[in-house]
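Take a look at this one; I'll ask things after.
First chain written, first letter: the chains are A, B, C and D, and each begins at residue 1.
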Amino acid sequence: MKTIKDNEFIRGNVPMTKEEIRTISLAKLSLNEAETFWDIGSGTGSIAVQAAVSDKSLNIYAIEKNDEGIELIGNNIAKFKADNIKPIKAEAPDYPEDIEVPDAAFVGGSGGRLREIVLDLKKRNPHIRIVINAVTLETVSVIKELLEDDDIKNSEMIQLSVSRVQKIGSHHMLRAETPVYVSLIEYV
Amino acid sequence: MKTIKDNEFIRGNVPMTKEEIRTISLAKLSLNEAETFWDIGSGTGSIAVQAAVSDKSLNIYAIEKNDEGIELIGNNIAKFKADNIKPIKAEAPDYPEDIEVPDAAFVGGSGGRLREIVLDLKKRNPHIRIVINAVTLETVSVIKELLEDDDIKNSEMIQLSVSRVQKIGSHHMLRAETPVYVSLIEYV
Amino acid sequence: MKTIKDNEFIRGNVPMTKEEIRTISLAKLSLNEAETFWDIGSGTGSIAVQAAVSDKSLNIYAIEKNDEGIELIGNNIAKFKADNIKPIKAEAPDYPEDIEVPDAAFVGGSGGRLREIVLDLKKRNPHIRIVINAVTLETVSVIKELLEDDDIKNSEMIQLSVSRVQKIGSHHMLRAETPVYVSLIEYV
Amino acid sequence: MKTIKDNEFIRGNVPMTKEEIRTISLAKLSLNEAETFWDIGSGTGSIAVQAAVSDKSLNIYAIEKNDEGIELIGNNIAKFKADNIKPIKAEAPDYPEDIEVPDAAFVGGSGGRLREIVLDLKKRNPHIRIVINAVTLETVSVIKELLEDDDIKNSEMIQLSVSRVQKIGSHHMLRAETPVYVSLIEYV
């Protein structure tokens, strides 16, 4: 896998999944087994782009509701020649009709509609593999409820805390980044 | 114990030990068994003040090399009526001659002279109890070496990570604070 | 404050709040302003005992539903001469009738009845100060809902992670302890 | 990338790099740019095997000093059909003479000889990319010193803490794993 550093992406002011969280989220998605992948709440498109450069044959939709995000996604597709990404301006789970059914989906942002988004994905593909990132207690609560579904054959949830060592003068200091809950749901 | 909140202290731009780190550092110092306590690299004086209001009979020196710190310490002594604190402008371990020997010391800032500071304290009082806070790998390395001393009867080292839940709109989000290594050294 | 080390308590197989979590939980309770304090789901009684030795005049109830816990609490009261603690065998919030109204309460274990317990405490004392420890996502969800109460004048929630440095041969290794969410609720 | 779960490896009693640490360490190695990769202190061979199944054309040496480890590596090579791994019984940095020069190396275990190992790697390939995992303060200190080398063009150090949510009865509880420092050194 070729990892892209955070500062290589064109970012604007849009929040972005940090490198290590991106790496682990993508690894848990097992995209080598997927043909079509959705990046929901794509923001800068960093997850979609990282997936795209790792596998040029993967069919990727980057779904984002904000204009600023859609523009950044376009810029990053151009920068990384990630032609296998189709940007979709839509507020999940209200997608255009002609969008292809995914084998795997990443939910980075849900605008408070996480339950709907996940159940819609399950309806489209009863065997889908979904990774969800959460930084709020509200999202963690919804995920916890979603996990109580007998149709899930495999699930995981971790909390990931990264502290980055920074050189301040001649000293190396730890700086903590926002802890993120990374969850995996695989339906039957 | 009466805990003082971070935002009750007069702070300026001087870095300050955060509430939970302050609470744990002071608890590990067992100041109920001490008569004289030094707060070395006192900054805003927050550790000294918290100790002072918890025990009005404790004899406290707040040692700080910067003028800005000395002024803030004076302001906080006045605000919290912490008359049992004497501010000392000095760069540890170069103290004035008439300073009393401590039973316990907290080292929050060491200006790169931690080894000297600790060995000087041990020389003044071979039974001293010292708590050291470290946020750099360099300080952690020095502490690790200091721990290799047969004159130590008890020592401890923890890394403490606090994430604070903040309300952002209608959501509760975790924000990580800088992780701190808190160490205790008790000599024979 | 005099801190008691974890291994000083008589423990059996009952889970116990760890030293640093105990220290911070008690500090947030501001027991210096309380006359009557309840330790709910007291387990070994470690929170009650630490509070008792810090303030001999505090009136403390250690409430525990299990016989093993009640016995351990009795043993720890005897060991630490903590005569200001009254052990109460009860499953919160079903308390005996003659129990005194608390100014502050700690909830370490709730047997799935946290909401009831907290609302009952609020009814007994509309100005009560409550600290709750949580190690499960379920408890965190309930606390998050309890925080949505306009009668709360002040609240806090932190996640606290302690890693303890252990000497393994000639090396110092970090060992992480279970992260704990510590919450404070103060009603009007 | 195809991720292998921890419990898929044949493990014995040998310590193993955990899934998320393995994923991030390998991502930072950028093995897509390498032809020859060394896994030093290979243990169960989990890093080598994960690299091998991700890139069948990569030339991999799994270097391990213990017989038990060498046997486990052999077993895991067989299980995962990782024929591009050559197990080498050697104590780093005392390697057999005919071993090929690496483009990238992972150091998971160093037996206290980390400085020697890294400087030897740099001598063999002045442009080498090295990722080191550290769980002791001693190893962190050595890495910190190694970072003070003007021949380094790029370096990184993070501390990674993973807490895994486990279902205990009907509750989801966080369990913290040992925090690991993951460092990257790229020479000129």
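Quick notes
Criterion: a residue touches a chain if its C-beta (ideal position, glycine included) is under 8 Å from a C-beta of that chain, and two chains touch if they have at least 3 such contacts.
Source: prediction; values computed, not measured.
Taking B-C and C-D together, the chain pair joined by more C-beta contacts is B-C. Farthest from chain B in terms of Cα centroid separation is A.
In whole angstrom, the spacing between the mean C-alpha positions of chain B and chain C is 27.
Chain C and chain D, compared by their mean Cα positions, are separated by 42 Å. Looking at chain D, residues 137-138, 144, 159, 161, 163, 165, 172, 174, 179 sit in touch with two or more other chains.
Against chain C, the residues of chain A that register as touching in their complex are 137-138, 140-141, 144, 159, 161, 179.
Residues of chain A touching chain D in their complex: 1-3, 20, 23-24, 26-28, 30-33, 54, 144, 147, 156-165, 172, 174.
Residue ranges on chain B touching chain A, taken from their complex, read 135-139, 161, 163, 165, 168, 170-179.
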